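Below are two complexes that have subunit A in common, paired first with subunit B and then with subunit C.
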Partner chain A sequence: MQETVLLPLIVALPLLGFVLLGLWGRRIGEPAAGWLASFLVLGSFLLGFWLLLQGGAKWTLAEWLPGIPFSLRLDNLSGVMLMVVSGVGFLIHLWAIGYMHGDAGYSRFFSYFNLFIAAMLVLVLGDSLPVVFIGWEGVGLASYLLIGFWYTERVNADSARKAFIVNRIGDLGFLLAMGLLWSMFGTLSISELVEKVEAGGYSFTTLSLAGFFLLIGAIGKSAQVPLMVWLPDAMAGPTPVSALIHAATMVTAGVYLLVRHAFILHGDAFLAGSIVALGLLTAFYGALCSLGQWDIKRIVAYTTLSQLGFMFVAVGVGAYWVAIFHIVTHAFFKALMFMTSGSVIHALGGEQDVRQMGGMRKHLPITHRHGLVAALASGGLPPLAGFWSKDAILAYTFEYGPWLWALMLLASALAALYSIRWYVLVFLGEYRGKAHPHESPPVMLWPNHILMGGALGVGFIGLPYVIDYKNFLEPFLSKAIGEFPHEKLPVWTEWTLIIVSALVAIGVLLWGFRFFQQPLPQWYARFQQAALNGFYVDMLYNTLLVNPLKALAELLFSADRGLLGGFAGLGSLMGGLGGLLARLEAGALRLYLLGFLLALVLLLLWGVLR
Partner chain B sequence: MIWLLASALLFSLGAYGVLTRRTAILVFLSIELMLNAAALALVSLARLTGSLDAQVVVLFIIAMAAAEVAVGLGLIVAIFRRRETTNIDELRQLRW
Partner chain C sequence: MIHLGLWWPLLAGLLLLLWPSLGRAFALVAAGLSLLVSLFLFAGYGGQGLAYTSQTPFLPEVGVYYALGLDGAGLLLWLAVNLVVLLGVWVAEVPVRFLALAFLMQTGLLGIFAAQDLLLFYAFFEATLIPALLMLWFYGGPERLRAIYIFALFTLVGSLPMLAAIFAVRYLGGAPSFLYADLAAHPLGGSAAALAFLGFLIAFAVKTPLFPLHAWLPSFHQQNHPSGLADAMGTLYKVGIFAFFKWALPLVPEGFREFQGLLLFLAAFGALYAAWLAFSAPDWKTLLAYAGVSHMGVGALGLFSGTAEGTVGALYLLGASMVYGSAMFLLVGRVYQRTSSLEVAPVRGLARHAPALYVLGMFILMAMIGLPGLSGFPGELLVLLGAYQVAPWLTFLAFLSVIAAAAYALSAFQKLFQEKPQAQVVPDLAGREWGFAVLTVGVLLLMGLYPKLFTTYLEPLGRALAALVGGAS
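And now, the complex of A and B:
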């Protein structure tokens, strides 16, 4: 691992794009701004890849905050994340050149997009927690700016605020964790923390509490139950934003944070249990909600929730490298799914309701191929990317407990179901709308081709040990995450699990393929109504939290106004009295003189009589 | 003692003039009358007590009155030039 000044350059490139496009975006103009932004991200990707091949890098600025250096670190874990963020980010940038064509805020969009990439890279590369926190807040800011990108409509601005405010709860957890770790170890550098935790000599309960606060931070960013409500609304932003920030990269930051701190979490039964429970809840909640949505982007948003739940379960059962593996495969197939949806939306002139879609197989043959691969990969059809990472999670949950494996199998069956529902509603049947669909331009098709390749093949870097005894990813990541030895399952159990999960995926995909093409039965319609509203969680939060707080605020506001009104009344009373006195001043000189004399007489009288 | 009475008389005359006259010149003149009444009272009190302190004050009053006449008359002339009148009932623009 070398000390190199090239490392901050990785972050600086997209940041430069943000500054350039932010200052002179209008002058740079339409396609140029998009290409500039894309190639800066590509530059980060190539630079990061080169440094990773050199065996990692680090860079430290010793004089930053008193006692806290500004340090970046590119090891295998952050390297994999860097590849995902800048690689998938580059493809989505390219795609956005086509998607955002003709938008009034074209260059503004790309400057925000570059800001996001820069902040995300800081988050990923940061080696001291405050640096990670800068990235953490930076991606939150970029997410806020991009959700509310079309801010002239109130709904979009409200959604942006909602995302930002809900994330604050998680950020509080992150801050508390930082404070606690600082008071325990006197350092916030992750690589130093690893050593100090290993050395021992501290209270395990306190460390567990710090881990719990980190978990709260991760829940907020990764939209787990109970803080998941912001993610579906975040779809108000343009589709590339949903693909990049709210599917492929930013929402996985919470998972990344937990994996980075595996040394704190590992072996803590309470933390592991809560992470598993939250992940499981989220996986089911997301899957069930997705089955009831009509808005194409909300369908995909809820599927993201469900997949994030899978990642959390992976972290909870101690399968840290698998969580990262799933982040990688998920980035490919979910970005592809979103961008296919975006291509369809683009083709239909902004239509997002799947009831107005259908039959896109005939109209958009190339996009149809992308959509098919995305749905199958997301549904876990072997041997596509999603299958391998999901299977790895399932294998680890079986070690944790067969009951958990059974539940996760059910969740992945639901995952297959929602993927195929999305595919059927969009691509099969007859076209139900009135627009004239047209295939996307090459600048939107090529990124999708590459992502499709990823969704097909990226799973092969993490094959289970029964097929590929030493796969590429596990030893590669373990170098950075730390070795957490565990009993490998017997060969036959492992094979059984693989075959069962493959059979379930194929079975459910086939069943769903038929089921969603027929008229839906009564019970499904009822379920759909509840799922469409996200099982009324938003309503519950509004009644329990938002409205009481709002009422309190109104009360305080009116009290405030009453108090201030009192002072204002006093002021105007005095003003009125003054006005009365001012009337005496009428310019009548002799009246004044009379006043003088009277006053003189009175004074004299007072002096005499006293 | 008689001079004190004369001073009071003079003062009252002045006060009466200030309140009843409408021409600025005459009001001004009445004010001078009151000023001199005060000076007269001071001088006679000085005589009664045998102290020179009050006479010093009178010298000050005379000096001040000279300056005041110069400024006051100047103002009145200036106002007359602009407004063609020195009637203080008409000069009531300086008001709230």
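And now, the complex of A and C:
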């Protein structure tokens, strides 16, 4: 692994785009701004790919803060993430050139988009926790700016703010993890932490707590239960944002963080159990909610939740490379799903309600092909990409416990169901709206062609060992994540699992294909009502948390304003009522003066008597 | 050089008072010169110990000296003060006499950070109050009398026990003079230490401001001139953390240890409490006042942890918050100039008409809530790393404020800049405001991206203090 200054250049390219477009975006104008941004990201991709072929790279600025270097590291793990972020990121940039056409904030959009890529690359490449945290909050900022891109609408601004605040809960976990690891090991460099954790000589309970803090961070960023509420609202942003940030890359950062710190998590039954439980809850919650949505973007957003839950389960059962594998395949088919949705929205002049869609198979034949592949890959049809990564997760869960496997099989059945529902509602039947659908321009179709290729074929980098003994991805990633040996399932068990999950996917896809084309039965409508509102979690949070916290802020505020000094403040907090206040103030003042005089006299006395 | 840097603002202020016709141009040059001098001093600093020392007997028989000197912390804060004064003079639209008062205050502040004799420090510490009060008196709002009363009361009442403490550390500790070096060589021990520390504690807690002695701050900011200049100077006057660091802790370490638990708690609790309250603030000045209390709570937590990281973090955060806090007050002043209101409540949607102002506001706000890459973060991180070693639970309590900060800051920001724009068209950044914007953003980025520039000089100070008051390191 070579020390090279080319590594920070990978980050610098999109950062340059952010600065250039931020300062002179209007002068650069449309479409140059979009092309500039896109090719800078492509530059990062190519440079990163080249460095990865050289066997990785690192770069260190000796001291950023006392005892904390600023270090980047391109190894196989961060390399794979880099490829996904900049590769898929480049395609979505291209697509956005068409999608954002004519928007008043065209160059502002690409400026933020490049900022996001730069921050995400810092997050991925960072080899020191504070550096990772710079990227971590940086992507949060970019997400905030892009969700609220059309901030003159109140709902968009609200959604952006909500995303930022909820994410900050996770960030607090990240911060505390840094505090704890620093007090344990005196370093925050990840490579050094690996060595120190290996060396031993610390309390395992404390290390477990550090893992728990990291987990909180991951939950926030990856929108796991109970912090998932921000992600559906994040769809307020333009569709490329949803595809890039809230599907393909940023939301997987939590999973990446956990995998990067597998050396802390591994072998800790409590943490593993928590991660599995949260992932499972999220997988089901997302799947069920998706089945009840009418807004095309919210449908896809909830499917993302569900797939993120799959990744968490993978981390929980120790299948770290599989979690990354699923990030890769998911990036392709989910980005494709979002961009197909976006192409449809674009074709229908901004319509997002699937009840006003349908029949796009005829009107948008090319986009239809993309949509079909996306749905089938997301539904886990063999041999598309989604099938192989999902199947690998299922195999590991079987080792963890057959009951978990059964539950995950159910979750993947739901995944097949929501994928086909999305497809049927958008593409089949007769067109139910009034717009005049038109196929997207080439600049939007070509990225989708490529993503479609990925959704079809990228699964072959991680085939199960019974098919391809020389699976590429597992040994490749293990070099960076670390070797965590596990017993491989017997050949025939593995085959049985593969066939069962394939059959389930095919069966559910076929069933859903018919079910959603017919009028929906009564029970489904009832279920849908609850699912549409996310099972009222937002309402619950508002009642139990947000409103009481706001009320308490009001209460404390009025108490504090009435207070003149701490003692009066405590008094007024208890006594509380306005009329009393004036007298209390005067009384407290006298008490103050008395106290100080007393202190003075005591001091003088002491001096004299000594 | 140090004498020039220290007394030049006073001279400039007096000249302006006598001949207001010298006008803004002179004020700008004067402020720029101050900043240049401090940049020069910073560039010439060798990196070790006290530099630019100067010592002249003042009352030698009593042991009082006119003694100055600057170390890493002093230089950082000199830079911060001079930068903020320049920004304020640059952008605030106020009468020339107002600027003169700011210059008078500037000398007081610089003196606080440079004084190497405890009585000299005390003189600066108290004298600075006078221009601050005068600004409030001449240019304050309709309820300024009450604000003055409260402010003066807190400050003056706080300083009496401090005076007692000063004499206690000198005479009971047995130092031959009031010089810092002498006093530090004779730290006060025994049971008097606790009382002496308490004397310092009250005075410095008022100026930190540390919960619950922060109560003067909201009314101080509310009633001050809407241009934000007086608020910026007030932000600079929050010298409590520095004073604890420079005087109270090293001179009475035993006393500090007696109170350490309580102080850690007050700092942590205040950090969260103030951030929480800020959510309900009806106007921007109140909001920023509480935000400042919260940040200083975080800083104080770092200092009181007695660790090297915490101390460096506290000082860095102090310097950074002087800049972003003041810049935010000045920005709000520019908003007032456009909308004639500082209230948070009605939606204004300024971003549509004033996109550059919006971007500037975004930068300062994000620095304020500790976004990595901007100036607030390095200090907060170091405070966290230090405080966690000593008091993990209190650290957790204090850092809940990062969530609350996002809530109060973004909510108010949204109402001011986002949502439906009002019919009334406001002008975007123009003229001098661009200079203010560029300089501010540049410093926020510099302090956020390259903290080493200052932490190199702060680190030995942190280590020395940690060795003295005995936290983990």
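As a working rule, the second predicted complex is superposed on the first by the 555 of 610 C-alpha atoms of A that agree within 3 Å, B and C clash if a C-alpha of one lies under 4 Å from a C-alpha of the other, contacts with A are read in each partner's own complex, and residues count from 1 in each chain.
One rule holds for everything that comes next: a contact is a pair of C-beta atoms (placed from the backbone, for glycine too) under 8 Å apart; a residue touches a chain by one contact, two chains touch by 3 or more.
Predicted model, so just to flag it, every value in this text is computed and none were measured.
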Quiz item: What is the contact status of A:557 with respect to subunit B (first) and subunit C (second): first, second, both, or neither?
Solution: second
Exercise. Compare subunit B and subunit C by how many residues of subunit A each one touches, and report the one with more.
Key: C
Practice problem: Could you tell me if A:151 is touching subunit B, subunit C, both of them or neither one (first, second, both, neither)? | Solution: second
Exercise. Scan A:66 for contacts with subunit B and subunit C and give back first, second, both or neither.
Key: second
Quiz item: Should A:410 be classified as contacting the first partner (subunit B), the second (subunit C), both, or neither?
Solution: neither
Practice problem: Determine, under the contact definition given at the top, whether A:366 touches first (subunit B), second (subunit C), both, or neither. | Solution: neither
Quiz item: Of the two partner chains, subunit B (first) and subunit C (second), which one does A:83 touch, if any: first, second, both, or neither?
Solution: neither
Exercise. Find the residues of subunit A that appear in the contact set with subunit B and again in the contact set with subunit C.
Key: 589, 593
Quiz item: How about subunit A: which of its residues touch subunit C in the complex?
Solution: 22, 63-67, 130, 133-134, 136-138, 141, 144, 148, 151-154, 157-158, 161, 164-165, 168-169, 171-172, 175-176, 178-180, 182-183, 549-550, 552-554, 556-558, 560-561, 563-567, 569-570, 589, 592-593, 596, 599-600, 602-604, 606-607, 610
Quiz item: Which subunit C residues qualify as touching subunit A in the complex?
Solution: 150, 153-154, 157, 160-161, 164-165, 167-168, 171-172, 192, 195-196, 198-199, 202, 211-213, 215, 218, 273, 276-277, 279-281, 308-309, 312, 347, 349, 351-352, 359, 366, 371-373, 378, 381-382, 384-385, 387-389, 392, 395-396, 399-400, 402-403, 406-407, 410-411, 414, 417-421, 451-452, 455-456, 459, 462, 472
Exercise. In the complex, go through subunit B and note every residue touching subunit A.
Key: 15, 18-19, 22, 27, 88-89, 91-96
Self-check item: subunit B-facing residues of subunit A, complex
Solution: 582-583, 585-590, 593-594, 597
